[in-house]
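My structure is below; once you've seen it, I'll send some questions.
Letters A, B and C mark the chains as written, and numbering starts fresh at 1 in each.
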Amino acid sequence: MNHLLEVKDLEVKFALRSGELTAIDGVSFTLDKGERLGIVGESGAGKSVTGFAIINLLSRPGYISAGKILFEGQELHRLSEEEIRKIRGDRISMIFQDPMMTLNPVLTISTQMVETVLAHRNVSKADALDLSLENLKKVYIPSPEKRLSQYPHECSGGMRQRIIVAIALLTNPSLIIADEPSTALDVTIQAGIMDLLLELCETEDMSLILITHDLAVVSQVTEKIAVMYAGKIVEAGSTETIIRDPKHPYTQGLIKALPGSLQPGSRLNQIPGMMPTLTDIPLGCAFHPRCTINATVCQMETPALISVDDHDQMTACHMVK
Amino acid sequence: MRTWDRFKKSYLLYSFKRDPIAILSFSVLFVLVIISILAPVVTPYNTYDTSTYDIMDGETPPAWMEGGSRTFMLGTDIQGRDLLSTMIYGLRVSLLIGVGAVLFQSFVGILIGLLSGYLGGKLDSFLMRLTDIQFSIPYLIVAIFTSAIFKLAFGVGRYAELAVPLLIIIIGAAHWPIYARTVRASVLGEKNKEYVEAARVIGISRWQIMFHHVLPNTLTPVLVISTIQVAENVMSEAALSFLGLGMPITKPSLGSLIRSGFEYIFSGSWWITFFPGVLLIIFILVILLLGDWLRDVLNPKLYKG
Amino acid sequence: MFAFIIRRIIQAIFVMLVISLVGFLIQHNIGDPVRDLVGERVTPAEREVIRDQLGLNDPFYVQYARFVKKASKGDLGLSFFYKKPALEVIVSKAPATIELVIVTAIILIIISIPAGIYSAIYPKSWLSRIIMAFSTVGVAIPVFLTAIALIYLFAVELNWLPSYGRGETVNLWGWESGFFTWDGLKHLVLPSISLSSIMLPLFIRLVRAEMMEVLETEYIKFAWAKGLHRRRVWFIHAFKNTLLPVITVFGVQLGILSAFTILTETVFQWQGMGFMFLEAVDRSDTSLLVAYLVVVGAIFVSVNTVVDIVYGFVNPTVRIAGTK
């Protein structure tokens, strides 16, 4: 079985002066060509770190301490600087959260697009410019020629995010990793970006990893979900199954917290407490302090991620048999 | 006693013990300060007293070189003074001026910053305008110019007599803006806190609030800049003395010694400039290092990962 | 925006007035214009006559107004020593100082930018550690000690470079320049290196700090994610953003540098404005002193004002807030 991307037992640690912190503790998942995976969780769960780890873009004190990342047959974590540089932006593109901060304020849009093409393809500047223009059209940017000579601050937030999507597409990547791509945008624009991503994945036959805390978005865009909590995957499976029948208490809490299922005027269902910080992860199941069940075994033993009734649904909970 | 106990358990002491540079700087500084305070006791000669030396002894090299002798360990300067003793007296004067100027600056600066920050309004605008103007002129120019004027006004002789207090005032006056600004910024921050509101509600007078409540809480940044200011003041004094606008040659500071020795490096008597120069650099360096460490420790925002 | 410029200019004029007042007070109380004009061998009676003629017995504000009027026309009094108008003396000495400052600025740029960028990109390398150590220690070393050390090493011991003066200069329409002869250039080396040693630690640290901050931004991370070559990320994406704050600081520091020329010119007997100032102190040449104050003050205030205005153009938050 040849997956496009296979992440096995990934561990990411942060080497600080005061000691080492584990940000990701044994995460595994696979992704096939054309599949769309959502990695869901609250802030600090480790979702973004997972995304960065795949293309080895971890900020300085962070490093991959264990595990394997296989992409199109290559072991990404073992590649040299130059080899992984070739893959970044070419085979795997990444989209960041805040479109305002993602584009360099002192360079024009065209510079930032053309340079991406030239970094990975042996073409002339004019060809690169044409390709950029074509991609701007693909993301439905009006008057793209004008945009090219503009600076980022001359474009609106939604426009900037589309441009970033356009940049991500320039090299026909096999995989796009989108890290909270619409969080910094308002709701209507958000919907537009998500629709765009969905459409492009289908037309360009791309795989997508959507990293977000927004279950509603995930349910519309993805086919598979992995729910993360405190650095581990606690539930994984097809989107449809997980949303319909979540087995892990945390996932259940997340779904119940969605306002869509409520009567107007009633209180929102919140999961009490907060996710633990990296220094304070509880023993046993990391979720047990906030869990309604919270049995003795939950406080002592870390549950493993195992299959439940359906083949593809996996849950890490002692109480689920 | 309780303050001492609190200090012993404090974060300050803890991080001090873990930082080798801080420990080294502090030790060196401590030794230098003690030596300079105890100068009359520690030095073989009191070279500020003109009767203790003879110009015929001038330009003797250090003890380990040819022509040197153990009576003058580091040699003598052009007037025949033992260099080692003169250096220590010079260090003492520099330290005196450095600390004296800091007291002057902090007094003026804190007062202005406190009034400006707490009372606000037209007074604030006026004082800050004044501060900005002086801030925009480099302090060294202010110091050099002021001392030049004083020298012309008082005449060389009288200027030499009054050198120490005059220098304290001159150097102090050149640097007070930084204190005013820092304290004002602190006061503006404290002004809106609840304890000030509470005090006002109870009916405590403005002045009481300013001096007894707000002021103590603004002193941490003052402490940080004061350490570094001592170093800057010492450097200013050295520069002034080097230019001939500071301590006179009869009661030289390290800067004056360097000045007097400068011409003689061409004729080979390098020690007159060298040893005072090295001492000056070490002295300033340890103060700066300690000041840097203090600033890092007292400032929780700086977390260097 | 316009209001901001006007406000800034008014502030500049105000500062100049303060400077001129200080200058006037000095001249009024310490200077002796009679002596400047006719020397010292004059009887007391003749002095009184001359004093009246010069208007020295007029009320204070009249004299001050006269002073300001004359100053704005360029008449800053007569130098007692040189027997020439003070402004003329200063202008003749200015090229020496200006050339020194130019060479120093070049040295600063050539060294601090690469050193700062390198130590920001590779903070743990041994070269970076040396650079940072140098910049920490360098602040503690007074400029005149650096100058003396350089003289001792290169002029006395090695005899490679001259130890004082400007050397051969070429007169270009009144500007005495040392740039056009080997001798003149050789004389420029040690003084400019000494002068740069004051600002070098500061600038290296500044460039490094700015660069490090830029390297942590999201857009740099995105540039890495796009798979761009290292050099492109560092020198196209990061460098441009680092330069802006550095340039503004540079402008201001250049003004401060002119203050420190006094210290350097003394050591090297460099016949510039700073050296002239000290000679004037020694000779009690008050007019020259006051003229120096006014001229240097004017240079200072104009540089500061221009830099502030340029910064206001470039940084929109300052424009909106007006003055800080």
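To be clear about the criterion, contacts are C-beta pairs under 8 Å (C-beta built on N, C-alpha and C of every residue); 3 or more make two chains touch, one makes a residue touch a chain.
If you're wondering where the values come from, they're calculated on a predicted model, not measured in any experiment.
**Student:** Could you work out which chain's C-alpha centre is the most distant one from the centre of chain B?
**Tutor:** Farthest from chain B by mean C-alpha position: A.
**Student:** Chain pair with the most contact pairs?
**Tutor:** The largest set of C-beta contacts joins the chains B-C.
**Student:** Where the centres are mean C-alpha positions, what is the separation of chain A from chain C, in Å?
**Tutor:** 54
**Student:** Just the number, please: Cα centre separation of chain A and chain B in whole Å.
**Tutor:** Result: the chain centres lie 56 Å from each other.
**Student:** Just how far, in Å, is the C-alpha centre of chain C from the one of chain B?
**Tutor:** 25
**Student:** For chain B, which residues are shared contacts with two or more other chains?
**Tutor:** Counting only residues that touch two or more other chains, chain B contributes none.
**Student:** Help me check something: in the complex, which residues belonging to chain B touch chain C?
**Tutor:** Where chain B meets chain C, its residues are 133, 136-138, 140-141, 144-145, 148-149, 151-153, 231, 235, 238-239, 242-245, 258, 262, 265-266, 270, 273, 277, 280-281, 284-285, 288-289, 292.
**Student:** Okay, in this complex, where on chain C does chain A touch?
**Tutor:** It comes out as residues 216-230, 232, 236-237, 240-241.
**Student:** Okay, in this complex, where on chain A does chain C touch?
**Tutor:** Touching chain C from chain A are residues 55, 57, 59, 81, 85-90, 93-94, 96, 98, 101-107, 115-116, 119-120, 164, 167.
**Student:** Which residues of chain C touch chain B once you look at their complex with the stated criterion?
**Tutor:** Touching chain B from chain C are residues 14-15, 18, 26, 29-30, 136-137, 139-145, 148-149, 151-152, 156, 163, 255-256, 259-260, 262-263, 266-267, 277-278, 281-282, 284, 286, 289, 293, 296-297, 300-301, 304.
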